[in-house]
Amino acid sequence: MTPSIGGGVASALQLLWVLLAGPLALGLMRKVRSRLEGREGASVLQPLRDLRKLSTKQRTRPTDSTWVFAAAPVVLVASAVVAAAFSPLVTLSALLATRVDFVAILFVLLLGSVSLLLGALDTGTAFAGMGASRAAMVGAMVEPALLVAILAMSLGVGTSNLSRLVGVGVTTSTLAGPARILALVSFFIAILAETGRLPVDNPATHLELTMIHEAMVLEYAGPDLALVTLGESARLVLLLGLFANLALPWGIALGTGALALVGGLLAVSIKVGLVAVAVSVFEVTTAKIRLFRIPELLAGAFLLGVLSVISAVALR
Amino acid sequence: MTILFVAFLACAGASALAGALMPRQGRVLASAVLLIGASTFALVLAGRVVSTGSDFTWSRSTLLPLGGLAIRLSPLGALFVILSGLVAAASSLYWIGYAHHSLNARSAATAFCLFVLGLLAVPMAGNVTTFLFAWELMALSSLALVAHDHARRRDAIAAARWYAVMTQGGAVAITFSLAGLAAHAHSTSFVRIATGATSLTSGAASTFFLLALVGFASKSGAVPLHVWLPRAHAEAPGPVSALMSGAMVNLGIYGIILVGRVLLHGGEQWWWLVVSAVGGVTAIVGALYAATSKDVKRLLAYSTSDNMGLVMMALGASGLTLATGHPAVAALALVTALVLVVNHSLFKSTLFFAAGSVHAATHSRNMDELGGLARVMPVTALTFLAGTLAVSAIPPLNGFTGEWLLFQSLLHALGAHGVAATITVTLAVAAVALTGGLTIIAFVKAYGITFLGRGRSASALEAHEAGPTMRVAASLTALACLVTGVAPYAVIGVVNRALDNGPNSPVAGWVTLRLTPLTGALTPLYLSAALAGAVILVVAWRALVTRASGYARVATLEPWGSGRHNQTARMQYTATSFGEPIMRVFDDVLRPDHDVDVSHVVESRYYLEHISYRSANEDIVERALYRPLARSLDWWARHTRAIANGSVHRYLAYGLVALVIILVVVQ
Amino acid sequence: MSLSYVSLLDLAVVVVMVTAALTLWRQSLAAAVKALAVQGVGLAAVAVILGAHRHDLVLVGVGGLVLVIKAVAAPWLIGRVVAHDHAAREASPLINVPASLVGAGVLTLLAFAATRDVVALVGTPAGRLIPFGVAIVLIGFFSMVVRRRAVSQIVGLLTIDNGIALTAFLGTSGVPLVVELGVTLDVLLAVVVLQVLVAQLQRHFNVHDLDQLRDLHD
Amino acid sequence: MILAILALPLLAGAISALAPWRRGVALLGVASLAGVLVLAALIARASLVVAPSALGGSLGADPLSALMLLVIGAVGLLAALGGVRYLDAQLERGACTPRQASLYAALVQGFIAAMILTVLARNIAVMWVAVEATTVVTTFLVGHRRTRGALEASWKYIIICSVGIALAFLGTMLLYVAASHGHGTASLDWATLVREAPHLNHAVVRLAFSLIVLGYGTKVGLAPLHSWLPDAHSQAPAPVSALMSGVLLSVAFYALLRCRAIAVAALGTDFVRTTLLISGLVTLGVAVTMLLRQSDYKRMLAYSSMEHMGLVCLAAAAGTPLALAAVLLHVVGHGLAKSVLFLTAGEIVEADGTSQIAGVSGLLVRRPALGGLFAVGLAALVGLPPFSLFASELGVVRALSAAGLAWVSALALAALALVVVGLSAPAARMLLGPATTAPQRASFSFSVPMGVALGALALLGVVAWPLSSLIHAGAAVAL
Amino acid sequence: MTFRIAVGALRRRSRDAETFEAPSTPAASAPSLHGSLQIRHVDAGSCNGCELELASAFSPVYDAERYGVRLVASPRHADALIVTGPVTHNLREPLLKTLAAMPEPRLVISLGDCARDCGEFRGAYGVAGSVEEIVAVDAHIAGCPPRPSEIVSVLRTFTGQ
């Protein structure tokens, strides 16, 4: 399939969607959390206001930093939007949908993670180093779970192409085999860890020593900070969107017709919204686990992935 | 083509002579230029072999007594010659600059040239004698180079000893295997051996394969035979490390393919399960030690082990699927293995070049003493960054395609039936993934701690950028990583030809790599373009809002240290602290030694005089396997001293006993 | 004639055998050297008897040579060393004398068992005595192993040599003269060298007991 | 030519012994050995066409003998050059009198002559006489330094070797007994014996050959009567050690090879093979064991000689043309490598005053030439290319595998690996590390010949032609 | 059980917005913050009374967050610096450093009477001076300690919500 105009529109739509839905999802999650804590909480639109304000502020850099520090937020956002543009979020027929697979999306996202780690180390502060170290560890633990989960899902279909993985649920109704359910649970845990949500990391902490992800971005200010937040939230909705579409593919557009796209957009927004609310509820009811218990959690996710692979092979 | 070969030999020989005979002034320059010439001739020769698909042969029975010299450069061998040639040419270029620091003595120059000759000659060998001659020449010359810094570093001596013993052990295993095969075929020629091997019994073939595997895998740093590698690759001078990690380890893989696939025609399923398992363990152990290492070259060396583990997993998957009747998957996995080898050569030589430049500039490899080098060594830093991203399999560098192909190979290899295969492949995927994560830790650490932040010692603060040839060599290989990352078919196409895959190549396509007949596609080119476009857009957005905000200047502020009075560079996270979480997570595997020494002031226990913290992270395999082995050898040696206790009566008694035995037995 | 030839031969061989045993038996070094001289005489006698029997003048001549070298020259050379030694006794051999003699007996039996094929092959009256030659070799070897004194070892070495010579005389129709000359010369030279060595060891380093020579070891 | 090569050292020896000492006497020795080498080359060339002989065929040089002559000449020349330096040093230090120097020079020539006689003799008993003569001649050479250790070594040397060689004579005599009662004429002539061998009594030949292996094995350095070897090699002056290790062992092995040919002709390969295998494997085992944790580098070299002789013995056990060619190439290579190493070791002792490994360090920095020669020599010794020992060791392994003795080649290779384990520690200790004193250059009179020898060794390992036809012809003779 | 608590919490609400003053027009000098105010708090030597009240202002009862205000850990992320207590000698430099670490535009808000005139602690040996004497202050919240509702109303003037 050659790149088409429709695909291009769809990709652009998805790209813009993650940029917009990301902050909104953050706002939604904070809102839900506030309400569950008995607070009124900030508006769902608050993250967008924050971003707007940040974009008007001054940029800063630590004394001895290099271009890496400045480049990291840019690469983070770029990797997230590129990944989003080619993923089946709104439609199965986005640009390059047949030529980019799950693994590729994962590694594109990894580019963002790595650039953020390097940006943190470039600050030359103890906190950022600590954050990078912890984030790298969590990332290293997440990757096996993620890849095995992808392998498990791919096995049943015979390819790791994401559109096919999602599409097989739309076209046939043989969606929820045990292999796929196990893989999705594993994938979900991995997403929580990868995006720095509870119980792995507390995105709202103020105490540097308990931070993982926040510690890395302590040095960013103004537009750079806006980019970091934007990038992070885009990754979050991208991964939640993928999870939602893999778990409940219905509603996703098959082609690139205008109506289908609008339908797909609505569908994915609703699905991601639901998942975000669910994540938020889950977060309120659980405490952050100790740093060195995280591997146990992720080992559990990995085990689920392996079980999933074995059941996929056994039930074939 | 003969003329090319002769020109190659002549250039290589001349370079060694130049190294041995020329005066100090211009010695290295002459040798290096001749070596680049030799590599070029070898490259052209190999290129022609790959493009025509027919072997180049050349033999002289008057050379190499008792065996004869036989050259048979097959397309497969040519691929490795190309790799060795590229790395050798770059290393030679790098050497010209490096020689201002070190590696300029007569003996070192000669050894360097002979090493390159050996590296290029091994894949050209057409019979057992030639192969082993080149192999051992390579070992001897690299041994001399590993020991090069012996007068300054005790570690170099230990490294040389480990290397000498392990490489000889490996060579012995290979010799046994090849000699056995040659004896069976009544010929030392590889072609005849391949024909003759069809009549080998299964037991004999397995023995020969396993022994060859021991030798070759040891060269590639496979666990548990890897212990020499992190020492030797780390202690060797810069360009030599690049040659060892960028070219020499490949030849171990070549050896496994040669014996397992070419000479023994693929053999049995369990061989490849073994290869896979060894590869998996190697990858994880290598990655773990890379992640927890604080010596930047040692880290790179462990990463070499790790990458060779991945290659072995791909090889194993290939052999496994071939033996179970899935030739399409087998072909894909073999291509994957070779692509991984090529990629590794490119990025690892880049990394070792850069690390060598750092070592030359700061006289330190301990990352805890480095930092902030990106500002004083911008080009070196950039090349190291390229290597970092490549080895971490991050698009758009070349490591990404390799990792993707590996995942595809393993995914499709799960189609091969059998419980053992399923479990092995699943674990292999897990190993690949875990390794990937650990690699990122290792290399974020390597780049971040060494080049970013602030300098942690005087030597780091006073460092200067490396010489021009060193920068050019590193930049060239770094550029190659980028180009082969964006257009991986440049590599895959050559690999396809080298494997003689014909029109039904398992993976092909300049713009989009497509697997045939399996399903799977990837377009690194468009992805890279999209990434570049997105980066440009985001940068433009940032510039726009920055201008609109009225704060055009980026404020340069002191790093935020919670407002403390004096914040020093030593308060930064170090390599040790960066790797600490992983060390704790894998405590049961790594079993590091920690030693905290606290002394209090006399007046109160609550005030500390000073704290010293030492942590040693010795290789667990070395501790658990080689220490006891060395101890038992030592025990044996000590308790047998009495054989020669000095008593002439005892000596004569040996003879009398022998005489009596003869008289009794010989009747 | 033939009867007396055989009995003479037997007698001479027994003399050689008994003197070999004597070197193990007596603790006095002087006595051992004397036994060696007698052994040389016996060996010479064997050569002469065989030579006479086979009408082989060369062999008779060889007998004479043996007499000069092994019965006179060699014992004399060794005797000089012994004369300089104040305590010329094998005070405490590694294995005591009775046990040594039992050992020698066992070795003799072994020699008989081991040389059955040779005896059968040769098939002459002289040939049947070959086991004695081998036994003497073994006894000489054995005495070198168990005796501590340097002189004892020289005596043992010569005993071995005599045993081999005996075997050669008995088993073959005569070794070429040039070989015999060479062998004899070698033996003589060896004894000279050994004598000089012993003298030097005794004079410069006061070494008498070979167990003092254990500086070189691993 | 045959007589000339024998007479040349004898003459030189006589002159040395009789003429009063002057430095020219030592140089005469060098000249004599150079002559021997040239004559050996001429004989070698001739032997490929028609084996030259003398004294009515009682002396003769077939290609096998010719090859050994070359080894004797080459190693002898190196040792003679080393001898000049040794005597200079000793005289200068007053450690020996001019009389002793003359004696040394004369004995070395005698030693060479005895070895030449060994390889030229067609009569196996004469061959034996010559081998025994080497023992007698070299005893004083071993003890030339007249220290307590030197005398102890001489004593052990002559006692153990005499006993051993006596057993070989017993074996030879038993062969003669068998020949006397065979079908043909009783003869000790080698060619005749080989021809008549099929008719010899098997039991007697078996006994004889076993005794010969034990006996000549003593001089070869094969277990169990090997114990003299490390003592003698470590105590003898370096040039003598070089000669003993470089050629004497091989000459003794040559004698063994000759007898092997007779035994094979009489008995077939099985018995011979078993005997040599046991001998070779035990020797390898002992040598490797003693090489681990060795504390004296001259003893280390001595045990390494044992290891090589064990290997050669295994190759002889295989007994194929390839194996025997490998044996001969190995003998040449080992002779050159080991003599260079012993002479270098001698220089190191001279410089550092100890033969203890622990007493030497940083040679490569302190004395680059000495250290370099030692290092390269060791590399050659463990069978690394481009040195010819690589080719011969590979040949041995291939031959063993081809002869159905793969398990033996596995053991031999394991031993080779262990040898590297054993040698690596002393090599690292002595050669590597920082310098404790300022660097010193070695004299050219030493380093140039040694360098040439190692160069020749490397050339032999790469280019086959100078010796290839001789080696193959020699192997055919020994088959 | 945790889930039941969560459901219970859903029924509770923060105190009505009407109980506070409506947002007044922001100070003329204040930059446009687009309804978002991130605050870094520095305790320059306070008795901790103000801290308790500040914490209360972000508690579920007063919930300043609903007006777009958040406390942040890094001065780089902050728009405003809230300083409490008199400035002690020891915290003088950290205060200055914290301010310097903030990107432009930045506000300084002093909280509590001590911040303005050192209150009870004026003249104490450890005190370097009031906040105004050390840094330029954009706004002040009076009281000893100020009520949470007062804190919230002042902050609302900056967010405009």
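For clarity, chains are labelled A, B, C, D and E in written order, and residue numbers in each chain start from 1.
Following the convention adopted for this analysis, contacts are C-beta pairs under 8 Å (C-beta built on N, C-alpha and C of every residue); 3 or more make two chains touch, one makes a residue touch a chain.
As the structure is a prediction and not an experimental result, all values here were calculated from the model.
With steps allowed only between chains in touch, the distance from chain C over to chain D comes to 1. By the document's definition of touch, common neighbours of chain A and chain C comprise B.
Interface comparison, A-B versus A-E: the pair with the greater number of contacting C-beta pairs is A-B.
Of all the chains, the one whose CA centre sits at the greatest distance from that of chain B is C.
Look at the CA centroids: the one farthest from the centroid of chain E belongs to C. Here the CA centre of chain A is 34 Å from the CA centre of chain E.
Centre-to-centre spacing of chain B and chain C amounts to 68 Å, using the average Cα coordinate of each chain. In whole angstrom, the spacing between the mean C-alpha positions of chain A and chain D is 76.
In whole angstrom, the spacing between the mean C-alpha positions of chain B and chain E is 57. Multi-chain contact residues of chain A (touching two or more other chains): 56-60, 208, 218-219, 222. The set of chain C residues touching two or more other chains comprises 114, 117, 134, 141, 144, 153, 210, 213, 215-216, 218.
The set of chain E residues touching two or more other chains comprises 74, 76, 103-104. Every pair of chains that touch is listed here: A-B, A-E, B-C, B-D, B-E, C-D. Residue ranges of chain E in contact with chain A, taken from their complex: 2-3, 6, 9-10, 12-14, 31-36, 38, 60, 63, 65-68, 70-74, 76-77, 79, 102-105.
In the complex of the two chains, the chain A residues touching chain B come out as 3, 55-66, 68, 70, 74-75, 77-79, 81-82, 85-86, 96, 98-101, 103-104, 107-108, 110-111, 113-114, 117-118, 120-130, 132-134, 136-137, 139-148, 151, 154-155, 158-161, 164, 208, 218-219, 222-224, 227, 291-292, 295, 302, 305-306, 309-310, 313.
Every residue of chain E that touches chain B in the complex is listed here, in rising order: 42, 74-76, 93-95, 97-98, 100-101, 103-104. Across the interface of their complex, chain D is touched by residues 61-68, 107, 128-129, 132-133, 136-137, 139-140, 147, 150-152, 154, 156-157, 160-161, 164-165, 168-169, 172-173, 175-176, 179-180, 182-183, 186, 188, 633-634, 636-638, 640-641, 643-644, 648, 650-652, 654-655, 657-659, 662-663, 666-667 of chain B.
On chain C, the positions that touch chain D within their shared complex are 114, 117-118, 121-123, 130, 134, 137, 141, 144, 150, 153, 157, 160-161, 163-164, 167-168, 171-173, 175-176, 178-179, 182-183, 185-186, 189-190, 193-194, 197, 200-201, 204-205, 207, 210, 213, 215-216, 218.
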